[in-house]
Amino acid sequence: MAQTNLAKKNRTRELLVALLPVAALLVLFGALCLTVNLKGYRLDMYLKIVFNEGVVLAVVATGAIFIYSLGSFDISLGASTLFSAAIGVMVYNSTQSLPLMICTIFGVAIGCSLLSSVLASVFHIPVFVTTVAMMSVLSAVAAQIITANGGALGGIGIPATVVAPLDNVPFKLIALLVFTLICVFVFDFTKIGRRLKFLGSNPVCAKLSGIKVNVYAIVAFVMAGLGVGLGAFLTLVYTPSVTPTTAGSIGMNILVAIVFGGMPISGGSRSRIYAALVGGFSYILLNNILKIVIDSGAGYGISQIVSAVFFLAVVYVTSMNYRTKLLPR
Amino acid sequence: MTKKMNPAARLAGTLAIPAVFAAVLFGLCAANGKSLFATPISVNYFVLYAAIVMITTMALSINLNSGHFDFSLGAMAVLSSVLGAKLSYALLGGGSGSAPLMLLFCVVIGGVLGLLSGLLYVSLRIPPIITSLGVTLIYEGITFTVTAGKYVNTEVRNASMSAFSGTWVWSALVIVAVLALVWFLFDRTKFGYDYKALQNGQKVSVNTGIREVPNALVCYLICGALMGIVGFLSTVRSSTINGGSLNFGSIGIMFTAFLPMFIGGYIGRFSNDKLGYLIAALCMSLLNTTFAAFSNEISASMQSIINALLLVLFLIYLSNEGLLQGLFHRKKSA
Amino acid sequence: MKKNIIKLLSLLLAAAMILCVFAGCSDGKTEATDPKTSDNAPADTKTQADTQAETEEAAAPSGEPIKIGVLVADVSGEEALGFRSYYENYIAKNYNVSFVYTEQLEDAAAEKSAIEKFAAQGCQAILSFSSADRATQLDTCIQNKLYYAVASGMLDDAQFETYKTSEYFVGQIGPSMDTEYEAGFAMGKYFADKGVKTVAMYGAFIPNPMHVYRAAGVLAGLGMTYGGASEKDAIVGQIFADQGVDLSKVGANGVELVGYFQGFGDTTFDELYGLLGQNPDAFLSVGMATTFFTDALNGAGVEFSDIDSFTSANGKAMTEGKLVYLAGKYSSSIGPIFAALVNAVNGHPVRDAEGNALSISQDYLVATDAASFDKYSTADQGESPIFSKDVLDTVIGDSVSYDSFVALVTEDRG
């Protein structure tokens, strides 16, 4: 009886801690509404802005969950987004075809991801180091393409009218939801997701059970590539131009977003697709709130400090369920 | 039990990579009529850059090898150099002795920043990579706030700093001192033995009574102090500090240390890993000097690509060494 | 267990409270700041009774300050900080306006988002110092009915043609690409006339268009050809294509270019010292050299030049160091575009004869010795800038002609 009660209590505790990121998102959402109203700003516009800022991060981070669930992480996703968008623009400018541009963007994004996964799994290079190298190469090549073709404008772009009809919240929301549902389906309702989590939790055991690590690593990278492709397309929908700095901060922000969303960096069975969505929007909300309330020049530094402290506090609380006696590595 | 290597093999293994680097790079320059060390100043900057790379690589590897991935190395270097510069300027106004005083401040402040980062890690008990994300953002934020986002120029432009960059001797002394200190700490003290035990088996080591937390804290402190030195040397090299990096703008510095870390680790198999880092740093500095000599032919983008390809190729070799050796031996026996 | 849950909830509540407190505090601060800005205007303008009525009407008919959003891509540079100081510490104190600045904008998405935030915050106009994607900036301003002006750099010709008739595009005042070329040309010519035989060159952040045009000008000014071309457009096109200056394409004519490098990274100082080892007579930079290389160049005893701004550090380099030529902007050079923006917000836009937006190129000032440097820097000090309130008031109002505006901007203020 006592044991049942204890188990029940533990489950409740786990549930509460697991729900904390969602609670944090709601608190931040409330705080943004409050702050914007107190300042007398337009809330409808701010909500749209936050959504626009968060959607690309959420999409790319959602795809990245597949890699993170393996206990690996990829910091080249921002560079892949830039590279895919740049190639997409080049293709559009040569063919004037939007469908071809979209296909190219997805193709290039998946190709970049596949290259990373092949290097990592076939040549047995640590995933992180592979992605560091990929980040350097992709951003350097993209910069070369953009500056060589951008001329005096400093960037390349497609006519704004091509994607303007898609630059609205309903379209982006549908894209986000469809992609998230696909990811949820693959991650939570197929053996792919289960095996990825198994590989992340206990790679040795998973290998001994006959799971082909390389195959699942490639699947994970392909799913991340899909996220990057959609992210690159949505980037172009929002601003139809690409400069060498486009999507520059996404690579690291994905890491922050996923952890903020309550997913352990070690991946495994506690990986959750919604972590990216919740964490991505929470991080964007937090940054926006801080930028509204601390609005002096030196305040950029202070708001970053406050944001980091808040981030660490949330991660500290959400990691309660998996804290070990030994120092975590 | 591994077979003990004979001294000739050790020497050959230690010098193979630098010999290949030197032969290829000097050969390339000779073939194209370029000179790598045209002036004494080139030598000064070669040694200075080697010092920066060696110390960054050591700081990266100390934490990475013990499972503490640390994104905040760059932020620590920048913040310690900013504070070191401001404090030394406040005391000496850029007068005689400014450079050594700034170096001292950088080491102390770097150590404190490292220790704070370590304390945060051991208190929160969340994975070090996550702690380091937060710490990076905090240190960048402090740097931005202290400098108001400006370049720090006045505080670091004085005769004393120029004298430091005016000869390779100071940089060489820093290299020797750091090398000796790190070798002593990690290869000749109880702390070092515990560090290695924890590195190779955390659970077993803790069960045998090794105190993990103090060891981790000292590691963070040493890394911080080393990055303080890197901050100082980088300031000497560029005679300015950019105080405006936010949102992970400072993490680039650690990426330059990956290739020398792997090369150093490889060389370490034949001698000592610390010596390996020095040799790897010299190789990277030589590569850098070659890039400079070919700056009209090799753009910055191309340099990034070459560095990345070298990293990937070297790792492919390292990860598949057994396979390659197997192939080589099969061919030989056939 | 319970303890942990309580801890958890208290943390959450604490976080929420902190955010609310921040919100509350900040709100109060802004409330306090805005009236202060408003109060300053009448106090300062008492001494200028003749222009007071017109200015008050022009700047703020309803008594509410005009809120201007400023897009910035550089938060660290001396020039950028000088501009900011002029707007915040001089203009905001002398006019009924308030400025809201962005953080460092990294890309086009950040620019668009910033403009939308300004619109949500009730800004009436946007001043842009950021150039990742001017077209998107303009589209976003038009969509949100915000007046837009370019305060640094210029739109390219095709973009200007597209937007010049838009009522929300106020205009652009700053060095045009032609002016950038001319600035480089004048610098090159200065050294050629001086009789230098060998020079080294720093291309700053080519392929940044501004730096490409300046570098093309320097080559032409030194009497050199590039890829056989000596015309502006041909040189510029080739530099864009080469992503830098390819030494093998430089045709010398009396002056030899012994070395060239660009960017700022791990190899920069090796490249610099490699060049200095060749003992060039002069080091010509198209930007940022005074920030990065002053010490090294002074130490090597090589005369150098740059296109930057009239800061105290540059003054010191000219007085005590080897800086011998500086083409620069002064902090208050962004005054006229502010005046144009205020006119537009108040319903009296200044347009050319065809009703198009303003497009006026502003030249650089050139200092070649300590005396000329001092003349420009002292003429543009905090409380008495070159474009002071008295000067700007002559072009703020409902009856300002295009010609008078152009005359104000192009008048030699040296």
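We just call them A, B and C in the order they show up, numbering each chain from 1.
By our rule, a contact is a pair of C-beta atoms (placed from the backbone, for glycine too) under 8 Å apart; a residue touches a chain by one contact, two chains touch by 3 or more.
The shown structure was predicted, so the numbers you read here are calculated from the model rather than taken from an experiment.
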Using the stated contact rule, I'd like to know whether A-B or B-C comes out ahead in C-beta pair count. A-B
From the C-alpha centres, identify the chain that is farthest from subunit A. C
Between the Cα centroids of subunit B and subunit C the separation in whole angstrom comes to 37
Could you please state the distance in Å, as a whole number, between where the Cα atoms of subunit A are centred and where those of subunit B are centred? 30
Multi-chain contacts in subunit A: which residues touch at least two other chains? 144, 249, 297, 300
Multi-chain contacts in subunit C: which residues touch at least two other chains? 75, 103-104, 243
Name the residues of subunit B that each touch 2 or more other chains. 149, 246, 299-301
Note which residues of subunit B are touching subunit C in the complex, please. 38-39, 41-42, 44-46, 49, 149-151, 153-154, 157, 161-162, 166, 237-240, 242-244, 246, 256, 288-289, 291-293, 295-296, 299-301, 303
For the subunit C and subunit A complex, residues of the former touching the latter: 1, 4-5, 7-8, 11-12, 15-16, 19-20, 22-27, 30, 75, 84, 100-101, 103-104, 106-109, 111-113, 116-117, 119-122, 131-133, 135-136, 139, 156, 159, 177, 207-209, 212, 236, 240-241, 243
Interfacial residue positions of subunit C with respect to subunit B in the complex: 75-78, 81, 103-104, 243-244, 246-248, 260-263, 265-271, 273-274, 276-278, 291-292, 294-296, 299, 313
Enumerate the contact residues on subunit B facing subunit A in the complex. 66-68, 120-122, 124-131, 133-138, 140-146, 148-149, 202-203, 206, 212-213, 216, 246-248, 251, 255, 258, 299-302, 304-305, 307-309, 311-312, 315-316, 319-320
Help me check something: in the complex, which residues belonging to subunit A touch subunit B? 119, 123-126, 129-130, 132-134, 136-137, 139-141, 143-144, 249, 252, 255-256, 259, 264-266, 297-298, 300-305, 307-309, 311-312, 315-316, 319, 323-324, 326-329
